[in-house]
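Two complexes follow with chain A in common, the first pairing it with chain B and the second with chain C.
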Partner chain A sequence: MSNILSDAMMVEMMAKIQWPTEVKLFQPYEVGQITLADYASCLAVKTFLHMAQVKFSLQLRTNAEHMSPTQSVPFIQVGPLTLSDFGPIVSFVASKGSGLSEHLEEQERADMKAYVAMVTSTLHNAELYVSWLDKETAETVTKERYGSPFPWPLNRVLPWIKQRAVRKSLSSIGWADKTTDQVCEEIRTCCQALSEKLGDQAYFMGDLPTELDALVYGHLFTLITTHLPSLPLSQIVQSFPNLNEYCRRIDEDYFHEMLPDS
Partner chain B sequence: MGAVHAKEMSHKSSHHDPMEDEEADIDLKRVPAFVEKIHVDGLGRTKDDIVSQQLKPILLATNFQQVVAKSQRAKVQMQRLGLFNDIDIHIDISRGEKARSDGYEVTFRVKERRRVTGEVGTQVGTNEGSIRFGVRLPNILGRGESLDAQYTYGTKSSMGSSALFSKPLKGNPDLRVLASVYQNNGEYPWSGYKELNRGTIAEIQFPTSIGHHSLLWEGVWRVLECMSNTSAFAVREQSGHSLKSALRHTFSRDSRNDSVLPSNGNLFKASQELAGLGGDTNFIKHEMEVQLNQSLPLDTVFQVCLAGGLMRPLLPGSSVKINDRFMLGGPLTLRGFNIKGVGLQEDGCAMGGDMYLCGGLHLYTPLPFRPGKGGFGDFFRTHLFVNGGNLSNLNNGAPLNDNLKNLVQTLRWSYGAGIVMKIGGFARMELNYCWPMGVQKGDSVNPGLQFGIGVSFL
Partner chain C sequence: MSNMDSENEEFELKIWKGDWGLPSVEYQSLTALAYCKFSSAPVDVIKTNNPWNSRIRGSKETFFRGNLTSGYLPVLSHNGDTANSASDIFDMLRRKGWGADHWLKAKESADVLAFTSLVEEKLLPAALHLWWVEQQTFMNVTLPWYGKALPFPLGTYLPRRTNRDCINRLKHQCGESLSDAMRENLIFKDAKECLNVLSTKLGDNEFFFGTRPTSFDAIVFGILAPLLKAPYPNTVLQTHLNGCFNLCSFTKRILDYYFPLSPEELQEMEKEEELKRPADPDFPHKKRNILLGAVVAISAMVSYAFIAGIIKFEVVNDLSHIPITTTAPNLTQFEEILSQPESEEYEEKK
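Showing the complex of A and B:
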C-alpha cells in the first residue's frame, strides 16, 4: 500500500475514534529487559498520559519493539490504530481535545516546542550513546538486557545488530565520535538550560504541566535513578537542586498516587 | 545422449537372413559372454573409485544380454550421480593373443560436466511465479558432489538466495547427504505479514524397500513483520524474532507415472516435525497426503486426494505462531475459496489453525474433440471436481471425538469443473468454475471463475 493512501487511512481512522476510549500502552519488561533510552521514552509517554488524564493499561511484551509500527517503543493501541513515539502520541491526544498545551500563547507554544526538540536531541541521544556506545555499559548492561528474551544465538546477534544501528544513526548526527566526557558535558549543558528555564516555577511553562514537563521528567528521572558502573549520570542531574526537586515532586504527584491505576 | 552399440560377432554374421532379427533376443541371452576389460575414456576430475564401483557389476555378466543391460544400468547410475554429461557405450569382442573366444571389451566414452554451469529459469510457488538465477558446480570433488547457488526474485516481492551442497554416498544416487544455507523474504498478504527467514538445513535422504525417506534438521531465524498499519493486531502481537530448531522426517512412496497429470499409480507422503531442540519455537506437527489414480476407459482418470495435518505445542500454555500454523483454501486445494481463506480471520488476516483435513475427487478427461492429440493437447485436461475440507483449532479440553465432530459439522466443500494445464513437467495451471458450499462466517470465498497456478494440489 502506498504511503499516501495509508496516511490518509490513518487520518480517517483517527478521526473516527470515539474519545475517551480504551488506550493500551505497549512497552518491554522493565525488569531485566528494557534499555536506558527506551525506559526514558516510555516513562515520558506514561507521564504525559497521566498528566493529560488519559486512562491507559500497561501491556508488557518482550517483542514490543518489533510490534511497534516504527520499531520503537513505546506505542499505544487505540481502537484499530497503533501510534508510536512521543510526538505522534502527543498530537493524537491533542487532536482529541485532551492536549496539555492548549492554554499556551502562540509564542509560548513555539518556545515549548524548541525545548522539546532540545531535550529529545540532547538527552535522548545521550542516553543512546551511554547505553550502546559507552563500551563498559554496552557490554556489561545494555547488550545483556536487550538480548535477554531471546534464545542463543539470537541473544548475541540481535544486540550486536541493534548496536550497529544505533552507532549508524548517532554517527549521522556527529555523536558517534564524541567521548564519554563530552556526552556528560552535553547532558550538563542541557540540564543547565532546563534549570534556568524552570527557575522556581512549578512547571516549565507556568502553573500547569505541558508535554515538555512529561518529556523532561521522563528523561531526568531515568538519569537520576540509573546507576551505571562508570558514569556519574545521576550526579550530573542532582547537581541542579531545582531539577532534582522537580522530579521528586512529579514522581509523587503522578506516580505514587496513580500507581494502582497503571 | 549416449546409445548402446553392439557389433555383431563376425563368425555369426556370415548367413544373415531376415529371420535372425526376430531370434536375436533369444540368441543374446544364450550367447555366453565374459567381460575381460572395461575401458573408460575421458575421465578428468572424476575419481576412479566411484567409476569402477559403478562398472564392477558388468564384469559379472555371464551372457551378452546381461552385458548390455548392466552397461546400460551403469550408464544411468553415473548420469544420476551427475558425473558425466554424455556417456557412449561400445561393446566389442576381445582382441589380442590371450583373448577368450567369448571375451568382450566394453568401452565407455564419457564427457565430463563442465566445472561451472549457469542457468536462468522460472519457478512456480503457491500462486506466485519467480525468476531464478543459478550457478552450479557439478561433480566438484569428483564423486558426484555438487554445489548450487541460487538467487530467486518473485512476482510478489519475495526474494531469496540459497546455497546447497549435495553428496551421494556409496555411489548411490538415492542415498545422499545435503547441507544448505538460505535466506528468503516472503510476503503473506492473506495473513497481513511479511517474513525474513535465514536458515540452515542438514539432511540425509535414503531409500528403503518401502519408499523414500528424508531426515533433516533445520535451524531458522525468522523475523516477522506486519505488512501495513491495517494488519490485524493479533498478527502484530506475533511480530518479531523467533528461532526454530526442528527435526523433520518425511516418508514418500510415489508410483505415479506423472506428478502433475498422472493416469495411474499412487502417492503416499507422511511427515513429522518436532520443533524445540533449542530455539524458542516448540511444537510437534504431523502431516499426511494420499493420492490414488485409476485410469478408466476413454482416457478418463479418476483421482482421489486426501491430506491432513495436526499440530500441538510441546509446552503447555504456549501457542504455535502464525508462520507455523496450517492454512487452508485456494484455487488448487479447496477450490472456490480464496488462498488461505478458510478458518479464523481477524480483520481480514487469516490466523490459521492447528488441525486440517482436505480432500478432493477428480474426474479427468481429455479436451473435448481432442485438439492437438499426441502433442500440445496432451498437456491439457478437463476435470470435474468435488473438494471438501476444514481447518480448525484443537480444543485440548475436549475429547478428540468432539474435535472431529466439530471438524465435520463446519465442513467446507465445493464442486465445479475446469481446465487443467501441465507446465514445465512439475506444475499445473487451473481455470475452474466453482461453487463453494458450507461457507462459514469469516471465510473468504471466490465463487465462479477461479484461476490458480502451483505445484501441490488436492
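Showing the complex of A and C:
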C-alpha cells in the first residue's frame, strides 16, 4: 500500500516541477577521490544531460555517496526531488519531454533497452570487480582514493566496509568467483557486441544520439583513459577501432577535450 | 581414444525432474534441455534430483557453496568433460560442434548477447522472486516440492539456503537501500516492461531471430514456461504474460513441438488429476449430498405437518368400523337416515 502511495506522490511531484528548471548533479571529487566504477556512472549521466541539452550545475561533495537516496552516485536534485542512477534520471528527463529516444520505432527501442541492460550488467560489474576485487588495483589505487577525504581511522575502515559490500554483492551473481582474466574476457565480449552494433554509424541507433550512446561513452571513455597498474583495460577497448573513434568523436562534440594519447 | 569414438558417444544431461506438464521445473534445466533439442545434439537426459551425486568433482563450486538455482544441476557430461549451469553448457556444446547459433550473422550474435543480458537483468529476478522469495509460494509450493524431490536431510536445508541466496541476489540487482515491498514492486515493474520488450522483439516471428531457434529462445523459454504452467499463488506476472499473446504461443509451441508428453506421462498426469479430484474442495459428493438434503427436507416437512396436526393418524381398535365393502352407499338410505331424527324431533316438539 505504501508503495502505491509513494509512487503516486513521486508522479505528482514530478508533474509539479516546472521544466526547464535548475538541475544540480552531485558527485565525488574527480581528482583524488572518485573510483573507477563511480567515475563511469557519473560520466554517463553527465553525457546524457549534455545530449538532452539539460543545463545542470555540478556539485562536488566528498560525501556524495552517503547523501544519495540509494547510496550510489551520481544523483540529481530537481526542486524537491532527488533521483539517483542512470535509469531513473533518464526516465525523469523523458517524462519532461526532453528524452532522447522519442524518435525511435518500437522495435529499435527494444534493441536499445537490451543494449543498455548489457552495458550496465557487464561493464558496470566489471568495473566494480576491477576496482575492488582485483587485489593490486584495490590495495594500491581504489582503497587509497576512496578513503582519501577521511581522517585516520575512517580512511582505513570505510574502504574496508565498502570492499566487503562490493564482494558480497558481486558474489550473489557469481562474479566474485571469476578470475581477472575471465573479467577481461567479459569486457572484450561486450565490446565485440557493441562494435558489431555500432558498425560505421554515427551513433548506435542511427544519426541521432540516444541514452545508449551516453551510457556506452561513459563506460568506454573511462576504460580507455584509466591506467591501472596491472590490467590492460584500455588496450581491450582500443582493439576495436570504431569504438575508439566513436569515443573520440563524442568527446570532441560534447566535452571539447582531446583524448590523451595512449 | 580416437576422435571418431568420442564424437559417437552420447552427451549425458542431468536435470531436475518435471511437473505440471513441464519437462523440468527449474529454469536452467529447461534452458539447457531446450538448447540440446534446438541443436539436435545426441543427449541422454537423466532426471535426477540428487545434488550430492550430480555435483562436478574437482570443480571450484563445491557442494557447500552451490544452491538449488546454481551449482548442482543441470550438468552436461561427455567423455569426462563436464559443464555446469546453462551458459557453460552452451559453451561446451558449441566447442563440440553442436551449437545452435552458428548460422547467425555477427550483428545478430551481438543482439543475442544484449537481449540475454536484458532478460537476466530484468525478467529473471522476477522469476526467482516468485519461486524462491515470495513467502506464500515458498512455503506452499517450493518447499513441499523440493522436500519431496530431494533426499531426506538435504530437503530440509537446501531450499532455505537457496531462499537466502536469492534474496541477496535480488538485493544486489535492485540496490540494498530499498525496503522489501519496494523491491518487489520494482522487480515486477521491470519484469512487465521486459515482457513488453520481448513481445515487441518477437513480433509475428516463429522464433526471436527468424525461423530457427537460438540460445536466446532457449533462455526465454526456460523462464516463461514455468511462469505459464506452475501454480503460483501470486498471479501478477502470469496475468501480464497471458496478455502477451505471441509470447504465450511461442512458449506453448516449443513445449508442444520439442517436448510432447509421452503416453506414460499423460497417464501419470491423468492419474494425478483423478487422485486430486476427491480432494476437490467444491462439491466432492454431489449426488450423496443432494439425496441427504432431500431426505432431511422431506422428513422435516412431514414431521412439521404431523406435529401441527395437518395429518392425523387415528388408531381404531374396533374392527367393525373398518368398511369392508368398497361399494358406494345407497343415496336413498342416506336420505332416510337424515330424515329420521328430524321427524323424531318434530314429533317430540309436537
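Rule of thumb we're sticking to: the second predicted complex is superposed on the first by the 252 of 262 C-alpha atoms of A that agree within 3 Å, B and C clash if a C-alpha of one lies under 4 Å from a C-alpha of the other, contacts with A are read in each partner's own complex, and residues count from 1 in each chain.
Following the convention adopted for this analysis, contacts are C-beta pairs under 8 Å (C-beta built on N, C-alpha and C of every residue); 3 or more make two chains touch, one makes a residue touch a chain.
Only a predicted model underlies this, so the values are computations on that prediction, with no experimental measurement involved.
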Assess the superposed three-chain arrangement around chain A: do chain B and chain C clash, or do they fit? fit
In the overlaid three-chain picture, which partner chain does A:Arg61 touch, first (chain B) or second (chain C), both, or neither? first
Based on the superposed arrangement, let me know which partner A:Gln77 touches: chain B (first), chain C (second), both, or neither? first
Vertex chain A angle, Cα centres of chain C and chain B, expressed to the nearest 10 degrees: 90
Which partner does A:Phe150 reach: the first (chain B), the second (chain C), both, or neither? first
Determine, for the superposed model, which of the two partners chain B and chain C contacts more residues of chain A. C
Can A:Pro69 be said to touch chain B (first), chain C (second), both, or neither? both
Quick check on the superposed pair: does A:Ala110 touch chain B, chain C, both, or neither? Answer first, second, both or neither. second
Minimum C-alpha separation between chain B and chain C after superposing on chain A, in Å: 11
What residues on chain A does chain C touch that chain B touches too? 6, 69
Residues of chain B that touch chain A when the two form their complex: 221, 223-226, 228-230, 233, 236-237, 239-241, 243, 278-280, 347
Residue ranges of chain A touching chain C (in the complex, touch as defined): 2-3, 6-7, 69-72, 85, 106-107, 109-111, 113-115, 117-118, 120-122, 165, 168-170, 172-174, 177, 189-190, 192-194, 196-197, 199
Residue numbers on chain C that touch chain A, as the complex places them: 60-61, 70, 106-107, 109-111, 113-118, 120-122, 165, 168-169, 171-173, 175-178, 181-182, 185, 197-198, 200-201, 203
Spell out the residues on chain A that touch chain B in their complex, using ranges where they run on. 1, 6, 9-10, 61-63, 65-67, 69, 77, 80-82, 150-152, 154, 157-158
